[in-house]
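Structures for review follow.
What follows is chain A paired twice: with chain B in the first complex and chain C in the second.
What follows is the complex of A and B.
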């Protein structure tokens, strides 16, 4: 399953998830909450994977499990072929430098009592990188890279920055350790639409300049469309479709992907409202295909058999017994 | 976002938070009284030129209030009550403040480590502290003071000991609250160790509420000191302390009520101001957010 990506992607992937599951034990519930269930995908160097799905579908948990905070219940996370799940202490800390995260709410991910300059310098300082003056120079450089004038903003605190500015600080911080993989967890979701475009452009520029690899998590397919080479769609903890983004946007094979696309497109040719109804409880997910309770095409087989993620065409995998016809 | 704004306001200083002005007196009046009282206790003896606290003058025992040379009268040995009250105040404040400082440091550290680490360590630390908390505080202090023997240092230790659990609780609840904030995860991701996260991120963020709570408990600590001294387990005579002076005075209540009333009045003013100041600060900090 892990080799299901396009054969054109030569070499080992930068990040690979193999059958990753995460269950939480919630007080008051006898059964564990299944947040992520048997998710496998890989991301190659220099590419961007967009991970989409409704809130609560497990996409953020997937991101957290990659950085081992918390660790997955089952499965393996490989970074450059190194199994992160087997690392502890100092070696895990070292491996984590390769993966940095940009969070949804910069006001929550930046300590309100720290100055911008110190926030960006923190990763360098705790890793004992460079002298004080070298770090200061690096901080100025990082701030300039994300489009903030160090003189003007360096001594401010997060509370005195706009949402977009604060998010730029968050990005500068994430870049401080020169990571190879940057996980953007809903990094633009809390921003105004106008600011959102600026930040997305910044991220795209940084990718080209620094050769970054992104795991881009969003609940909005339109955001993902502009930045992603690959798209993964999650529903109730499972990966239901994964493929090259042009393929997915042109001809989605999973009814859930189709309904997500229909929700954001302006075309009148939307299929049946398959996203109607409530999301089932993650404590007690539906048998078989987890989407069947809201799927307009559900049949008996969907309740009996869990659909495996199978290759539909080169670079396109879907977990559905009755995939939509691909045009 | 609202949280951030609130923190922002808190940082900009006590007196600039956008609150109605009529709340100011709740801080200013007890604050001024306390400053005056502290000034009187620590600088007063020099300024007023009162006789030494232990100068015995058997010629003028039990002089009443307003007597020439002895504004607040004298005790059974003719010692000046104003002087003894001021020096006694020094003892009370030193004991109150240093026991709170020790208790706050130790309890704060335990609470932060406990809340930050979680798991079994958290359970063990908190259960042990719960047991301590279940004892009536005075009984606990009495036990420790009896065991260590009466002296100013031991009184400080005894009081610090029983206040540790409550500081730990305050520190822990604050830590838990900030643990949910992503900046700790962000710090961890950047490679920061626990010590760095606790002292550079958690501590500055819960410092305000720890200090407020500390201020509130200085009054309690001073009461306990007075109680221990009253019971003869605190300050050793002839060193003056408000509690010890009240204890001395109780034998002469009918003959020389000023012996108990003068130090009692000082204690009353000090404790009331401390409590009012604590309450004032607490209501400043947007209600329940503090705890």
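What follows is the complex of A and C.
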């Protein structure tokens, strides 16, 4: 399964996850919480993978495991072919510079007592990049890149920024060390509609200008549609479908993906599945397919056998015993 | 205070559960007056949903909190708020308290912070029932179960014994709605009730509200930043910007002929499920106005691609077409 990525990909991927699992030991529970379970996917340079799923599906844990904070319980994370899970100390810190994150709440990820200028300079300073003068010039450049006039905003503190401006500062910080991979974890989810569009356009411009690769984590499938080349759908810690975004949005093969899309497009035929029950506990996930307790098509086999992520067609993998007919 | 409005909503309005006329809310912040809500006139029909759409600082939540009497003493409220024909503005606090939670109820964005984490959810609903009706414990409990069933909590007898943390966000929101329904309110306010929920749950809660308003003949006010959601789940729509209503009409007619450039820009900025990868969104440059720093004229003018000199004078909210009001000197699709 680790090399189950499709033949359409050319060259070595920038990021590759091989059978990554993360379990947490939670006080008061005998069994560990299975947050991420046997997840494998890869992202090629310059492409964007959108990772979607409901809260608790493990998409944010996947992001954190990639930067080895915390480390995965099992599996490997490869960045340009280098196994991050085997790195320690200085070499890990160096590898981590290549991967930066943009978070959901721009205010809580910025120290309110610091000036914008110092916030953007911090990653440079911590990593001993350049002289003080060189860093100041780089900060001005970074602020301009994210659309903030350094003269106007450099000396402000986060409290004097709007939500959109604060998120621009968050993006400038993420770009400071010239990363190859930027992980956007619900980066536009708490922004106003008009501001969200600005930030999405900015991220798209930066991708083209700087040749960035994104792992774009979001619960909003319409937002993901705008930015992604590839889409991965997670449910209860497992990757249940992965493929080219146009393919997945046109003809989802996993019943869970189909239900997510039906909720967004709100077609008249979409069943109201409010009686389909709750997302099961990650301490005690259902046997076999984890989605089977809410799946309208579940059969006996789904309780007995874990569906492996298998290739359905070029650029399309699904973990389902009875995938939906695809066009 | 004189009205800037061209045509006022009819004063005798028997067909409305709630009528707002020229509602103004002013805060005193550091000896400075901040006009958070300016001259808002709206009506909520029984059995129908009014959507109030706006971004942060648009005044949508302040409007509702003013009606509910949740703003405290720093807020000055003027104008008229009539609930089932009864004037609430200026009503003594003890009388107002009897209307609040009885004839009108509210559901918030985050159900967890409104529920008592140490109490079983069934007991919390039963407590609400006993607060409004003279019934015994046993009767209140069975009413609570019925309410939980009516908001489609599966297996309500068993679920009633759960604590809030044992429920998902969607189930907690259903419990909140059950509590709000316990008094059979005339108007239910839902302030971003689905923003914190997952996509599949969002749809369920919105459909539940659609269903309940018809079943109970209750007016629903849905406050949201998402024009797409409002378009699908409301009967009437009001778009707010900078503390004012900038466009209002029955949802169907508004969506078929948007007049206010801001409403159109909001619509265009919504990501589309059928968009191509890496396609650009139509964004609105700049940021929504800060209510503490008002600029003269149309509040949207600094961000409006159609703005001209005249827009430095505030356009009145006028009924340009029957039932369709807008506040714009140069509305879309209309020959001036």
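In the analysis below, the second predicted complex is superposed on the first by the 313 of 327 C-alpha atoms of A that agree within 3 Å, B and C clash if a C-alpha of one lies under 4 Å from a C-alpha of the other, contacts with A are read in each partner's own complex, and residues count from 1 in each chain.
In this section, contacts are C-beta pairs under 8 Å (C-beta built on N, C-alpha and C of every residue); 3 or more make two chains touch, one makes a residue touch a chain.
Here the structure is a predicted model, which is why all the values come from computation and not from measurement.
**Student:** Identify whether chain B and chain C fit side by side or clash on chain A in the overlaid structures.
**Tutor:** On the shared chain A, the partners fit.
**Student:** If we overlay the two complexes on their shared chain A, which of chain B and chain C does A:29 touch? Say first, second, both or neither.
**Tutor:** Once the two structures are laid over each other on A, A:29 reaches no partner at all.
**Student:** Check the residue A:301 against both partner chains and state whether it touches chain B (first), chain C (second), both, or neither.
**Tutor:** A:301: touches no partner chain.
**Student:** So in the superposed three-chain picture, is A:122 touching just chain B, just chain C, both, or none of them (first/second/both/neither)?
**Tutor:** Touch status of A:122: first partner only.
**Student:** Kindly classify A:310 by the partners it touches after superposition: chain B alone (first), chain C alone (second), both, or neither?
**Tutor:** Neither chain B nor chain C is touched by A:310.
**Student:** Applying the touch criterion given at the start, work out whether A:177 contacts chain B, chain C, both or neither, answering first, second, both or neither.
**Tutor:** First partner only.
**Student:** A:67 in the overlay: touching chain B, chain C, both, or neither? Say first, second, both or neither.
**Tutor:** The first partner, chain B, only.
**Student:** More residues of chain A are touched by which partner: chain B or chain C?
**Tutor:** Greater contact footprint in residues on chain A: C.
**Student:** Look across chain B and chain C in the superposition and give the shortest C-alpha distance you find, in Å.
**Tutor:** Once the two complexes are overlaid, chain B and chain C approach no closer than 8 Å between C-alpha atoms.
**Student:** So in the complex, which bits of chain A are touching chain B?
**Tutor:** Residues 67, 69, 93-94, 96-97, 99-101, 103, 105, 107-113, 122-123, 126-127, 157-160, 170, 173, 176-177.
**Student:** Please output the residues of chain C touching chain A within their complex, sorted ascending.
**Tutor:** Residues in contact with chain A: 55-56, 152, 154, 167-171, 198-204, 207-208, 225-227, 232, 265-266, 269-285, 287-288, 303.
**Student:** Where on chain A does chain C make contact in their complex?
**Tutor:** For this pair, the touching residues of chain A are 48, 54-55, 162-165, 192-198, 200-201, 204, 207, 219-223, 225-229, 245-246, 249, 259-261, 263-266, 270, 272-275, 277-279.
**Student:** Where on chain B is chain A touching in the complex?
**Tutor:** Residues of chain B touching chain A: 1, 3-5, 7-8, 11, 181-183, 185-193, 196, 201, 204-205.
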